[in-house]
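Okay, so chain A shows up in both of these, paired with chain B first and chain C after.
Now for the complex of A and B:
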């Protein structure tokens, strides 16, 4: 067997990806800059803060060579605020709280702003849009502007757990954080389960189910169940889909296509 | 198209002079020309060496350093002239930006390559079909891994050598540095290994599908297949149904070694089948790609399975893929930053353009 793992990243692989997130550290000793395969790392000069990938920060932390500054969202107050949004806010009854915006994406408050994706370029000349775990979503920011809402980053569960496990002495009130993380996880898990009802939308061609704001570990957890349900729904509805496709082709052949026919797109729901 | 004019003023004669690279160092337009031409191929390194305004120019002319082929400049220039006459729809902002983030910025391109590799690995793990092999990216990554191993070995040798205790004293962090470098190397090697194994698993599972796909992209092959069919009239064996891929030029979506692997694998499997049970079958049932009765025996990956995607472009529509390839309707539209559960076939083209990311 060349590869025994199932389709989709497994929880340990998701943890591996989360370890690529950048975090802020305060080094306790000097270390010259290194050219790693994951990109260069800056020289460490105490007490200047530096951004390092989480795996390296944890390696230094375990050897007491550095302290990790907790990410901006990993404090009791922002977590409490996010929990309130997740559990009380009307708009997010059936949806996850909004994730931190990608570069160029307008924040949740200005709905009208047009997103302007800012690509970087690959050495082959292709466009490249950065995304987690390669965005500075878990660094400790000095001055957070009051407009900026706290948001859970994509790898929140993994990073929170890893920091609680290995660097709890660097966190502010780690017991409270642990409690809030547990509550958040339960609220979000309940939403994920309640969303099973709308999965039919993902089983039709061109349809889909929005999961915006979901975390990486939550995707990994739900992948097996969700893809299994959707695949079975698709097989059950295969004849229906075939019939509809033939009907569409017929309409197109007749030359008449009125907009009233595509109400199938309307029955998807966000959750 | 005014921005091309400075390029045409550089004649070939000028190029022959040894000092020309200095004149060009700050000629961004010329850089653009080179950059456009070299996008698909791997000459990039030579060009970077030539053009990038790095600290001090090398003492020897750069041509001799990397047995530089002068003819390639000429051919590239003519290629470029052809290119300009064709309708050329590359946004100038894109080009300028790609120069700024181009191959000259090597530490940054290391980071971007690492991110691309990670993203490709996650994607390969998330879908059931084999994704197009990113030849240039993998070549660069393998080169980097190789040179990193060398530098780690050098560092380890210097720490083990008792005669260099002086430098050891001088640098107390040597062991720490070594362990960081080795951890980083192991992480990258893990990604590459997992990626290759995931691809191999898919290839062995759907080997016939990919062989037929490889042979169908190459027109020469239909002849050899009909030949093998005519041979098989006399004494058909399951091996005859394995398409011959020795003559094909493009291995898309596989890499060359993957293609030869899957061919050898299927040959072995076919001869095993024929030895163990297929030899006893009636003649007309001995082919592995039999599609009698309207049912094709070749199993392919299911492209209608759902995947988790994040939309990275401003807006990406999910396509409804019909029976025939050309008729496509638009389904729901994803907005930037959204995460959706959608069919893989509906967003495959957007993925190829890098506008969505698989999770």
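Now for the complex of A and C:
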């Protein structure tokens, strides 16, 4: 094989991407502002909190120049709540717990509400809607509204692991967190495995499988397996699909134009 | 399926029972007696690619040279066994490229039921493969019997899942890099 690495991203690559996430630190020493490629860093003045990329925060932490404030979700109580939703809640028996809401997105409870996204503007005046990874999902928030459910961000596994590894003394009850993270991972792995049964929906025309709330590392881990399964299911079902296609073409030739049929055809073509 | 895909080439080389409809002079070499003729009605196992070529006359409207039969790996008996319990069937013993063979056969024959059986088999078995791939002790223990019976497609799947799970454990510091 020419290229030694498998397709997709490796765990260390995903970890590298996760290091771009902003976290909150409490500096112990002064540090002048830095002009980084990802944007300028405000000067660090103890004891004022600051947001830094995770890689810089970990570096300062190792040099004992800063303490990392754990992200809002990385505490025993929110993790316990998420684990409960993940394992007990009826609605999420076969689904992953919902990801953090996007700005303007109504929370899970009132899902009838119309999403109200507030656009942001670039320095040139271009309008855009911020989305992860440009949303601070891993900073420590002071005032969390009580009706906001805790949620796992996209990079939860990576950030949790890295913080447990190099900043466990900054976390609240790190042993408990470690245990909860492990339980969460196992529950979600089991769901991923159970999801193999619905994968043939993805292999037929117009179908799909919802992976809402799955983290980056989990996607990276399952990519090779899931795509392999779907690909092979598609190949096995190819002759049936072909027959369906012919039948549909025949129907269309006989029946002339029909609106409903056209819709179906369109779904099918999208795949 | 690409031209250089070794698995595709090996699939093409799998044998398919064919019955000659016409008498072919001088082709006795296929039967093991060179120089002789092949009588009509002779049954010979031919590689998939050759059998497909020879049977193609039917589509062109001329009388066909051979008629194809189901390969032994995809007979009714095997389908029934797969319907009963997909996990206990040793696919590798039936055909090393079981699913690829199935795909090719389904292109040639119209077998609605076989599509369903194969799809169901593959789904059930891939869930099992995923379980074994996440077993940190690797392919040892109770799974050996099952894993030995995986066909080539399933092996690739197992490898993909297993390597990823292992890389994850190494990254998380639970396992040592070997």
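Simple rule for what comes next: the second predicted complex is superposed on the first by the 232 of 271 C-alpha atoms of A that agree within 3 Å, B and C clash if a C-alpha of one lies under 4 Å from a C-alpha of the other, contacts with A are read in each partner's own complex, and residues count from 1 in each chain.
The definition used in the following text is that contacts are C-beta pairs under 8 Å (C-beta built on N, C-alpha and C of every residue); 3 or more make two chains touch, one makes a residue touch a chain.
All of these numbers come straight from a predicted model, not from anything done at the bench.
When both complexes are overlaid on chain A, the residue A:161 reaches chain C alone and has no touch with chain B.
In the superposed pair of complexes, A:12 makes contact with chain C only, with no contact to chain B.
Of the two partner chains placed around the shared chain by superposition, chain B is the only one that A:214 touches, whereas chain C remains out of contact. Looking at the shared chain after the overlay, A:39 reaches chain B, while chain C stays out of its contact range.
Residue contacts after overlaying the shared chain place A:225 against chain C, while chain B stays out of touching range.
Comparing chain B with chain C, more residues of chain A are touched by B. With both structures placed on the common chain, the touch criterion links A:197 to chain C but leaves chain B unconnected.
Looking at the shared chain after the overlay, A:237 reaches chain C, while chain B stays out of its contact range.
Touched by chain B in one complex and by chain C in the other are residues 199, 223 of chain A.
Against chain B, in their complex, chain A makes its touches with residues 1-3, 5, 7-9, 13, 16-17, 20, 29-32, 34-40, 55-56, 59, 63, 65, 99, 101-102, 104-105, 114-117, 119-131, 133-134, 199, 202-203, 205-214, 216, 219, 223, 226-227, 230-231, 234, 245, 248-249, 252, 265, 268.
Those residues of chain A that touch chain C in the complex are listed here as 6, 10-12, 15, 161, 165, 189, 193-194, 196-197, 199-200, 217, 220-225, 228-229, 232-233, 235-240, 243.
By the touch criterion given at the top, residues 99, 102-103, 106-107, 110-112, 115, 118-119, 122-123, 126-127, 130-131, 133-134, 153, 156-157, 160-161, 163-165, 167-168, 170-173 of chain C touch chain A in their complex.
Residues 35-36, 39-40, 44, 94, 97-98, 101-103, 107-116, 118-119, 122, 125-128, 136-137, 140-141, 144-145, 148, 173, 176-177, 179-181, 183-185, 187-188, 190, 194, 197-198, 200-201, 204, 302, 304-306, 308, 310, 312-315, 318-323, 327, 329-332, 334-343, 345-346, 353-355, 357, 359 of chain B touch chain A in their complex.
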